[in-house]
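Two complexes, one shared chain (chain A), two partners (chain B, chain C).
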Partner chain A sequence: MEHTSLLERILRGIALTLVVIFFMFPIVWILMMSFQTNETILRIPPQLVFKPTLANYTALITGKLTTAAGTLDIAFMRNLWNSVFLSVTSVAVALLLGVPAAYAFARHKFRGSEDIAFTLLSFRFAPALLVLLPLTLYFQKLGLANTYIGLIWVYQLICLPLILWIVRGYFEDIPADIEYAYRIAGHSWFATFRKIALPLAGPGIAAAGLLAFIFAWNNFIFALVLASADKQPVTVGALAFITSSGIQYGQISAAIVLSITPTLALALYAQRYLVEGLSLGAVKG
Partner chain B sequence: MTTATMQRNRPSGFRISKKVLPYVLSLPALLVCIGILIPFFTSVVYSFQRYRLSQPWARQFNWGDNYISFFTDPRFWNTLEISLLYAGITVLLELLLGLGIAMLLQKRSTLNNFISIMLLMPLMTAPALAALMWKLMTNPGFGVLSYLASLIGLQDFRWASSPSTALFTVVLVDIWVYTPFIMILLLAGLRSLPTQPFEAAALDGVPRSFVFFRITLPMLTPYILTATLFRLLDSIQQFDIIYAMTQGGPGDTLTVFQVEAYLNFFQSTNVGRSAALMIILWAITYFLSNIFIKNWLRLRERARGLA
Partner chain C sequence: MASLELRNVVKRYKSQTVLDNLSLSVADGETLVLFGPSGAGKTVLLRLVAGVIDPDEGKIFIGGEDMTDLDAEFRGVGMAFQNFALFPHMTAFDNIATPLQAKRSSQSAMKAGVESVAKLLKIGHVLSHKPRALSNGQKQRTALARALVGSPPVLLLDDPLRNVDAKLRFEMRLELPRLLADRGATVVYVTQDYKEAMALGDRIAVMSQGVIKQLGTPEQIYREPANIEIARLFGDPTINLLDVKPSRDAKGIYVGLSNVQVHLTGAYDATVGRDCVIGLRPEALRFVDEGTSAAIPVTVEAETPLNEKIVTLVRTVRGREILVSRPAGTAGQTEGRAHIAVDGKSALLFDRANGDRIGSKNVVNLRSGEAA
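Moving on to the complex of A and B:
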C-alpha cells in the first residue's frame, strides 16, 4: 500500500468535495425551491432557511393552482401519466420483440445476422431528426400523429437497439452446451428457451429493461416533434411550463422533482447494472 | 403430460425448421425497424428536393442545390462550426474531468462507492430537465448562480441569454449531465486494471507522473477511446440541452445541426434544407460510429478473452 502524505490527502478531500458540490448542488437547490413559495424564491440574496410549504406539490397533484387572480388548470399529472404509460409500454414492447431477436442473433449465426444486428445498432447513433422529420409527415397521413401507438412505435428506436445488444451479450455468455443437453433430453427449442436461456439471461434482461425505461423516460425530442399537449411526457410538459403564464417557479421546481424522481430512484436501485448497460456491455468483466 | 410427450415424439419435420427459426425470431423486431428505415430514405429524397411546407405546389427535384447552396451559406458554416466546437469542447472537458474524478475515486472504499453512486444522479436526469434546472438557477431575477456570479464581481452575467456566454452555459450543463458517464466508464476501467505493473513501479520507486503516462494511460486507452467516441457521437447531435435552454439562440449563436434542422422544418418549413442538414450530420456520425463500433468490438473481445 502506498503512503500518501497529509497534504495530498487534504487536496484530494478538497477536490472530492468540490466535485460533490458541483454535481449535487443543482438537484439539492431545485429540491429546496420546490418547497418554497414564490415570495421566498424571489428574495435576494437567495434564502437557505425558509418555512417549507407543500403548496407547489398540492397544486400540481390536484391540477388546480389557486392565485389571487383565480384558479388555473395545470395538466402536469397528465404529463406524468403519459411518461409512465409511454415508457412502460415501450419497454414491454421492446422486450417482447427484442429478447427473441437477441436470442436468434446470439445462438444462430444465420446469413446476414451480423449486418442486421449492426443496422439495428446504428439506429442508436443516427440523428433522431433524420427519421423524425419525414415521420411527422407520414404520421399525419397514416393517422398516427399524436397517438400513443405512433409514439410507442418511435420509442422503439431507443429501446429496441439497447435491449437487443445488451441481452444478446448475456445470451452469448450462456454456454451452448447447457442448452444442447436440455435439447437432447427431448425438449423443444421453445422449452429450452423458456426454461434455460431466459432464466439464465434474466438479470441481463432486467438490466436492459431498466435502462431502456430510463432512456425512454428521459427522451425529449420524439415527443416534442410528434406529440401535442395531451400526449406529451414530463420532459416536454415541464418545459412548456416556463413559457406558460401564471405558473410559478416553485411549481416548475416541484414538477422537475416529480419528473426526475422515478429515474433517479431506478438508477440508485440498479446502479450496478448501469455501467455495463450504458456502455452497451463494452466493459464486461 | 400426454401432449408434452406427443410433442417430444413428434417428427422433427413438424417443428419450425432450424434454418427458419432465427428469421422467425428476429422478424418482428426487423419489421418494426423497417417502418423506421423508410423515413430515412425519404429524408434522402427530400434533401434533393426544393420542398417547403408553405409552398407544396413548388415541390420539385433540385438535385444537389440544397447541398451546393451550403457552400455559400454563412448560416450553414455557423452550424458546422458551432456543432464541432460544442462537441469538441464538451468531450474534451468531460474526458479530463471524468478521468480526474475516476482517479480520485479509484480506491474502493465505502465513501468512494457512495460518491460514485451519487454522481450517477445527474446522468439519470433527463437532459431537457437538467437544462430547465440550470435555467431556473441562472435566471437573472432570482437565480442562485446569477447571485453567486454577482458576488464575485460579475454583476451582469447573462448566462444563456447573452451571445458571448451562451455556449459556455450550455457546455456547463452538458458537463454536469455527461461527465459522470465518462467517469463511471473510466472508473470501471481503472478498477479492472491488473495490479502487478503498479506494484512493480512502486517497488522501483518510479515517479508518479511516469506511472500515469506510461502505465495507467496506455492501459486505459481502450476505455478512453470508447467513452470519447460514445460521447462524441451524442454530443455532435446534441439537441435537448440546447433547445431546452435557448432554442438555438440568442440569434443563431447555438444553432447546432439538430436544432437548425428543427427550426428549418418547423419555423421556416424548409423541408429540403432541413433534410440535407440531417444527411450531412448523419454522414459525420456514420463515419464516427464506424470507428466506434470497430473499437468497441475489439474491446469486447478483449474483455471476453480476459474473463
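Moving on to the complex of A and C:
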C-alpha cells in the first residue's frame, strides 16, 4: 500500500471531486432541466431548487408537444426506436462482416491485403459531407434513399473500419502457435476460428462493437440527409424541438436523457468485459 | 505407427533460405533429435512436418504417404510447442482433450483417455485448472499430455523442456525416453541442449543454417564429430582446440605440443605439413608424473570441482590454455607445475581452413539427399 499523508489524501479527494464535477456537470444539468418547464429553465439567475415536472417526458412518450402556438406531433419514440434499430443492426452487420475479415487480415498475408485494409480505414478520413452528395444521388437512383437497408449500408462506413481495425489487432495478439496447436489436434480452420480465435479475441470484439455502437448512435449527418421523418434516429429527430415558437429546452433535455440511457447502460454493462480484456493481454505468456 | 521422410525440402522466407534442400528420414519408432543453434531451422522443419507451414519445394511423407499438400488436421501428428501453446480459456482437462474431441470420442472415452495420460504425467490433480493457474512444469506436462493423448504415430516435440526449471528438466530428461519408448511413436525432438540430445536421441541430426551437418548416433556425434563446430557444441567442458601442423617421423604422424611429439593413431598421412586443429576432449587428457613419455609440462591455473568431476585449467609453456577433466575423487595436480599426457587415439584432427574433421568416415552429405 502506498504511503500517503492526510494532507495528500485530502488534496487528492478535492482534485478528484473537481474532475468529477467538471465532467458530470453537463449531464447533471441536463437531467435537472429535463424535469423543468421552459419557464423555470430560462429563469435568470438559474436556480437549483425547482418543482419537478414530468411534463417533458409525458410529451415525448405520448408524442404531443404543446407549445404556445398550439399542439405539435413529434415522433420522438419512433426516432428512439429507429436509433436502436439502426445502431443494433449496423453493428451486427459490421461484426458479421468485420470479424471474419479482421481474422483474414490478421492471419493471412495475401497480395494486397494491407492495401484493402487501409482502403477500408480511409473511409474514415473522408469528410462525411463529401461522400454524402454523390451517395444521395446513387441511393435515389437505386431506390435506397430513405430505407433502413440504405441507412444500415451507409452506417457500415462508420462501423466496419472501426471493428475491422480494432479486432484485427486482437487477433494478431493471439500467438499463432495456439491456433496451430488446435489445428494439429485435428480441428478444421473454421473450428479453430470459432473455438480459439473468437473466444480469445472476445473482449476486443466486445470493445469494438461497443465503440461502433456509440459511433452509430451518435451519427447525425448521414441520417439527416438520407432519411425522412419516419426513418430518422434521435440525433436528427431532436431538431423537431426547435419550433417556430421557440426552443423546447425541457423536452430536448428529456430527449437527451432518454437517448443517452441505452448507450450509457451498454457501456456500464460492457465495462467489466473491457477491463477483463485489457488485463488478459497484460499477462499473456 | 509410421515412419517419416522429408525429401529435398526447401523453405524460404523472403530472400532467406531457412531450409536448404534438406532430406531426412526417421524410422518407425525411432527418436530423432534435431540439435542446433537457434535459427538453424529446427522449428521450421518441425512445423513443415506438422503441416502448419508449407514447403516451397520438396515432399513430406508420413507412413509412406505423401502429406505435403495435406492440412495439419489430417496428418495425425502430435506436437508439443516450446512455449506450450495451451488454450488459455480452457481448463487443463479441456486442453488435453482437444485431440480426442476432434476424433469425436465419446465423453467417457475422452475422460478415460485424458485421465490416464494425466496420471502418467502426474498432473491428475490440476486438470480443472486453467493454464493461468498452472506452474511452468505443469503447463509443460499439460502440453505434453495434449500431444500424447491421441496416441499419434508421429510425435513432434519442439524443445519442450526449454522453459522449465533445471530440476524439472533433469527429471523429465530421465522420464521422457521411457515415456516415448512406451508409446512406440516416431519422435522428432528439437533441442539446443546437447545433454538432452545425447540422453533422448536414437540418432541426432545436427543442424546449422538450414542444412543437416551431421546425422548419427549420439556416440558417433561425440566421438566423430563432422567438424570443429559440432565438436565444440557437444561436450562439457568444451573440447580443447589447438592449432597444429602434423609432421611425420619413423613412428608415424605426430603433432608438436609444447615441443613434445604426440603421435596420432589414424589415417592422417595426407595432413603432413597442413594447417590443422587438434581437438582434445578434456576427459581424454590426464595428469601424469614427470618423465612419462610424451608428457607435456603445464602450469595449473585454476581448478573447478563440479561434483562428479573436477575441471582444471592449465597453461602450456607456450601460453595455450587447456582444460583437463577427471572424475571426482581421483588424484590430480591442484596447483603449480604439472604434466599431462594426451591419448593419441582419441585426439581429433580438423582441417583449419574449412573446419572439417580429417578422416571422418560418417560425414553424410545430405544436401543432395545422397549419402556420401
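Simple rule for what comes next: the second predicted complex is superposed on the first by the 225 of 285 C-alpha atoms of A that agree within 3 Å, B and C clash if a C-alpha of one lies under 4 Å from a C-alpha of the other, contacts with A are read in each partner's own complex, and residues count from 1 in each chain.
As a convention for this text, contacts are C-beta pairs under 8 Å (C-beta built on N, C-alpha and C of every residue); 3 or more make two chains touch, one makes a residue touch a chain.
Note that this is a predicted model, so its numbers are computed, not measured.
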| item | value |
| --- | --- |
| Which superposed partner A:Gly186 touches (first chain B, second chain C, both, neither) | both |
| Which of chain B and chain C A:Ile242 touches, first, second, both or neither | first |
| Partner chain(s) touched by A:Ser259 [first = chain B, second = chain C, both, neither] | first |
| Partner chain in contact with A:Ile10 - chain B first, chain C second, else both or neither | neither |
| Partner chain(s) touched by A:Leu18 [first = chain B, second = chain C, both, neither] | neither |
| Which partner reaches more residues of chain A (counting touched residues only), chain B or chain C | B |
| Chain C-contacting residues of chain A that also contact chain B | 186-189, 280, 283 |
| In the complex, chain B residues that touch chain A | 7-8, 15-16, 18-19, 21-23, 25-26, 28-30, 32-33, 35-36, 38-40, 42-43, 46, 100-101, 104-105, 115, 117-130, 132-137, 139, 141-142, 144, 147, 176, 179-181, 184-185, 188-189, 192, 202, 223, 226-227, 230, 233, 237, 239-240, 243-244, 257-258, 261-262, 265, 271, 274-275, 278-279, 281-282, 285-286, 288-289, 292-293, 296, 299-300, 303-304, 306-307 |
| Contact set on chain C toward chain A in their complex | 47, 50-52, 71-73, 75-79, 81, 83, 85-89, 98-99, 101-103, 132, 146, 150 |
| Parts of chain A lying in touch with chain B, wherever the complex brings them together | 2, 12, 15-16, 19-20, 22-24, 26-27, 29-30, 33, 41-46, 96-98, 100-101, 103-105, 107-108, 110, 113, 116, 118-123, 125-135, 138, 153-154, 156-157, 160, 164, 169, 186-189, 214, 217-221, 224-225, 234-236, 238-239, 242, 249, 252-253, 256, 259-260, 263-264, 266-268, 271, 274-275, 278-285 |
| Residues of chain A that touch chain C when the two form their complex | 175, 177-178, 180-189, 191, 196, 199-200, 280, 283 |
